[in-house]
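First chain written, first letter: the chains are A, B, C, D, E and F, and each begins at residue 1.
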Amino acid sequence: MKVLLANPNATEAITDACAVLARAAAAPTTEIVPWTNREGPPVVDSFYGDYVAGRPLAMRLAALAPGPDAVVLAGFGNYGTGAVKEVLEIPVVGLAEASMAFATPLCHRFAIITTSPRMIAYTEDLVQASGFAARCATVRAVDLPPVAAGEPPADEVVASLLTEVAAARASTGVDLVILGGARLSPYAAALRRHTTLAVVEPVACAVAMAESLVRIGLAQSKAGKYALPPRPLGEYG
Amino acid sequence: MKVLLANPNATEAITDACAVLARAAAAPTTEIVPWTNREGPPVVDSFYGDYVAGRPLAMRLAALAPGPDAVVLAGFGNYGTGAVKEVLEIPVVGLAEASMAFATPLCHRFAIITTSPRMIAYTEDLVQASGFAARCATVRAVDLPPVAAGEPPADEVVASLLTEVAAARASTGVDLVILGGARLSPYAAALRRHTTLAVVEPVACAVAMAESLVRIGLAQSKAGKYALPPRPLGEYG
Amino acid sequence: MKVLLANPNATEAITDACAVLARAAAAPTTEIVPWTNREGPPVVDSFYGDYVAGRPLAMRLAALAPGPDAVVLAGFGNYGTGAVKEVLEIPVVGLAEASMAFATPLCHRFAIITTSPRMIAYTEDLVQASGFAARCATVRAVDLPPVAAGEPPADEVVASLLTEVAAARASTGVDLVILGGARLSPYAAALRRHTTLAVVEPVACAVAMAESLVRIGLAQSKAGKYALPPRPLGEYG
Amino acid sequence: MKVLLANPNATEAITDACAVLARAAAAPTTEIVPWTNREGPPVVDSFYGDYVAGRPLAMRLAALAPGPDAVVLAGFGNYGTGAVKEVLEIPVVGLAEASMAFATPLCHRFAIITTSPRMIAYTEDLVQASGFAARCATVRAVDLPPVAAGEPPADEVVASLLTEVAAARASTGVDLVILGGARLSPYAAALRRHTTLAVVEPVACAVAMAESLVRIGLAQSKAGKYALPPRPLGEYG
Amino acid sequence: MKVLLANPNATEAITDACAVLARAAAAPTTEIVPWTNREGPPVVDSFYGDYVAGRPLAMRLAALAPGPDAVVLAGFGNYGTGAVKEVLEIPVVGLAEASMAFATPLCHRFAIITTSPRMIAYTEDLVQASGFAARCATVRAVDLPPVAAGEPPADEVVASLLTEVAAARASTGVDLVILGGARLSPYAAALRRHTTLAVVEPVACAVAMAESLVRIGLAQSKAGKYALPPRPLGEYG
Amino acid sequence: MKVLLANPNATEAITDACAVLARAAAAPTTEIVPWTNREGPPVVDSFYGDYVAGRPLAMRLAALAPGPDAVVLAGFGNYGTGAVKEVLEIPVVGLAEASMAFATPLCHRFAIITTSPRMIAYTEDLVQASGFAARCATVRAVDLPPVAAGEPPADEVVASLLTEVAAARASTGVDLVILGGARLSPYAAALRRHTTLAVVEPVACAVAMAESLVRIGLAQSKAGKYALPPRPLGEYG
């Protein structure tokens, strides 16, 4: 099976890092096909970045031929997830919804740690919109430097994550944490070595969910919200 | 005061119809400046249309110079409202949020009637995201033909609206109805002649709210969710 | 247009202070007519004070002739707001609902700061009853001395407000604050000079909303909750 | 033990009917002391009636001397319940809260049937304010004639109640019904003969709860919301 | 009247301690009949303990003959409360639901203090399932030693409870506290001497509610959720 | 990988039918090991049946040696799911939570159709307890005959399911349906041929989720709610 791993932003390094995680999680018979949204922003760090990303993402994915068997949208955000679900009939899975769907049966309440303080409000909206607010006790943030600056030393990132994990647990009693940003996913393994909380890495969840949906013959329902748009796609812009 | 009336879709006829309503609602000293999102879709009728609209809408409005005193986003949807609030410091008001803000103190519970059945789910998400779900008892829809077909006879539209108003009232006891689509706004006056429920026309609400915010010196808070995006806008795409 | 500014308590000094704020917010063509509830309590500082205020407030306002074009109820509470909406057909707007209606589109989540710790529970009930709980992250309080003692030095009040604003932001991440008490309204301007959060002053919001409703031809719906009471008002007591 | 049965309205016939129910429910050692709010409205049929009732109710009950051991507020409404709880230290129990407190452990979801369609919104607000919305599936209404017209034949009232019970069950699957109005309480016994649903009569619940609270030494907490008002009661009005 | 006081765990000392509290709360004419779930666990300290307790509890109580007039389930948990309500027609009342039903009209928001940190999640689920989440502001825990170790000195327990009461009040403003575990109930009287908050002891509430239900002729509705199981009980296992 | 498929009831025919579905959904390298709860009830059709099932289910699964790699609890209910998660360290997945986790990203709102009207309340509680209430619009039921009577003709079951699907869609606009009972799962394929709504069959979802969790190295968090019970399991009963 072929799973397209679509990075909503334009930074190839993030695509590459996600592809490594995706391949580690995928079944041996699954081919992970990385794809980068070249017309998107360097990173989705705001509602503005979200909307700049979403239009070309949805337009280009709608036009892919031949198509994959499923699409994983490899960003922890919205950036037009609903639009992609509308224009495609194959399963489309976002990182946030997949990780929360897997986390919910595994814990009492979870925390999400995102990549910068300003993304907390954005992420809270995303949790609500995705239907998982009942189990999300808190959204917190580390503060990663801009993408262009390169990634900081892993130790520093893990230390920051641990600080937030501890604060989330102390204030809300969460027993599971989701890494809420593709840039944080590579640190999951290291983080697990330092905390007793379950740590959910979203790329693995989304790949597993996409594979599962293909295997058991499910995709987003075309009977309502995600039906094809009412006019030919070429007329939209 | 200058209020930009920004139609998120590309259909000038809708811009014009909204401008008529806006001018009727505005104070004599307010200048309504209509603006059409030429790179947007003919109408926002789907999540796909929403994201196609939002990117150019946010980009072009960010670049307006000299800017107006406030912006009214003249569609009953999302299409990047948060993005526009981020990039501008002047008040930015959407039709949905303004009409629900005005409706809430005026009723027990309200219904929204949107322009097509497939927009019900979209609109329910919008109500939730805007923070007004507590008072929205139901979202229902008439079924307008495509924009290109021209507007159907007013009598027919009003009759359809009345059918939905009656159904909403019978099933949920609402005492107020919001017309949830810019294409429905011109029928508000006629609808009022046939129902005892309060009828809220969103363009008037949004213009009034925008004027009010300018007058009393308020705009979206720049201390959190709607702070300027973290990098120069030119870097986004 | 004539807007009656009805202070639910009997303290003329509060009426006067509100009238100053109301006139500053009103359009030049609006006449603000101050009115004091002489049979009410010195201040609404409890549920008991609320009910003592509400009966004469509703009775006297129902009997006003000739009536104004709209009524602003100039207290941050309930004190029979629903009763006044029932007995009048012109728009009736309370401070709490108006300020929350304006705040909701401007922020991610807001805090309300009220005038004494014991009013926190009262205000939380009010937020819930008004339909705005989804966006109210916290209610906090300064601790003003009794009205009769006169107002404390402005610096002290502003410093207390700033302490609560900072605490609200630290614990809940709010990006906007509403001054939840008519006695706090005069400090809005000074508070704005010391915080980056948006500060919402309710008298201005309520006046603006009342003017807007008159202008665009809306009032509380008479088709349900706020229909005229079922018997002649003279029979009630 | 002495339990004051305080009718918030001025109609003695309703006081008398409630006293019959109260005495039937009370322990043999409990003395039911009926009290009528002579300055109140003939019936609480609106928010206006609610606030007209509440002021004298709270004022007169605060002044009772010697006081009873507990107070039952014998109307299915608000009319200043919080104010009475503030001014008294003995247990104060309203019909609505007592009946919902008893109903919650007895069912999956309950319906409330109130005395007129216009009281549905009022009652929905009351349910929310009382903290029992999670289990209240619906509020419906019969349509009693005005109090002055006398009570209609019992058969007719019971038939109307049965119609609403059946409609509530069909639409929401409730397994218990609360009679939401003191005027409906006398029909509980007859209604039970015609439905398999549990029927909760609020006067009995409130008397039982009041007796229980006295016996086990509980009353409304004086450490917060229901603390005594901050100034001497004589200063309020 | 005969009220069976059924301890869901196998520890007779807890049964005895609850019986003391029950008899102190009961009317003189009520006979409290203690019963211990001998096949249950020593204490319900986990979901595992809950399910180990529930099967024999429901089976044995279903077989009691002659039956009592009501059953109080004397543990602050679930352990098959719904199952017991199904198999019996007499009133069945659990400690948690009874104490929250009594607490709700007495306060703005309550805290529950349970017996060990791991029971916080369990108790939060219980609050939600019982329909009282709207008024429960927080669940906190002391940390009692295992039952077999005997009870620690009363002073220590009360001091631990006071620490949690103070923390609950500081963080959430609760004005009432419920002792969320049968082992904590005996400390209610001592706790009350050291706090201004209302302290609710669940055994007394449950006994009072059970007596009240018998007296006023109510029990769990047999028209839905708590109808008799569909097959003869002997077939279940 | 070895996945234990644990039927909480004692009916081997249901175990067998689930095993067929599980094997069809599993990866070729996964071994499905069926297991029947011989001490459980013939079917979980009540809270009583739930608790009768849960004790032996949790006790026997805790004692399995050598253990499988994951456990699927093959009933659409609770029956001690939390207890099993406590006593095991390998992933434990129930049908209800897995199917709702997969359904949530695929639709706007889903309906659950359960096996008998009396299980509607039970299932609504389960949805709430599992954290998925935000997207579950309605729970409806067909009315299967007792297990012992054998399964009715497939056509009849499918026709009944279609009736409920249509009613759910008409009243709430759901775009996806979950078959809420292991006895209904075999009809999923036939149902899909007659409806445009997405149909989710829970056994396949649970198997896929269990396999995914094993592959990506996740299980229920042991840092809170699902930590091992505090005493040796042998002491519980």
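We adopt the following convention: a contact is a pair of C-beta atoms (placed from the backbone, for glycine too) under 8 Å apart; a residue touches a chain by one contact, two chains touch by 3 or more.
For clarity, every value in this text was computed on a predicted model and none was experimentally measured.
Under the contact definition stated at the top, the chains bordering both chain B and chain E are A, C, D, F. Touch-path distance (fewest steps) from chain A to chain F is 1. Farthest chain from chain A, judged by C-alpha centroids: D.
Counting C-beta pairs in contact across D-E and across C-E gives the higher total for D-E. Averaged C-alpha coordinates put the centre of chain A at 43 Å from the centre of chain E. Chain A and chain D have Cα centroids lying 52 Å from one another. In chain B, the residues that touch at least two other chains are 108, 121, 173, 175, 224-226.
Touching chain pairs in this entry, ordered by label, are A-B, A-C, A-E, A-F, B-C, B-D, B-F, C-D, C-E, D-E, D-F, E-F. Chain A makes touch with chain E in their complex at residues 108-109, 173, 175. By the touch rule above, chain F contacts chain E in their complex via residues 10, 39-42, 45-59, 62, 80, 82-83, 85-87, 116, 118, 121-122, 125, 128-129, 146, 224-227, 229-231, 233, 235-237.
Contact residues of chain A toward chain F in the complex are 25, 27, 91, 93-94, 97-98, 101-102, 104-108, 130-135, 173-176, 196-198, 200-201, 204-205, 208-209, 211-213, 215-216, 218-226. Of all residues in chain B, those touching chain F in their complex are 120-121, 124.
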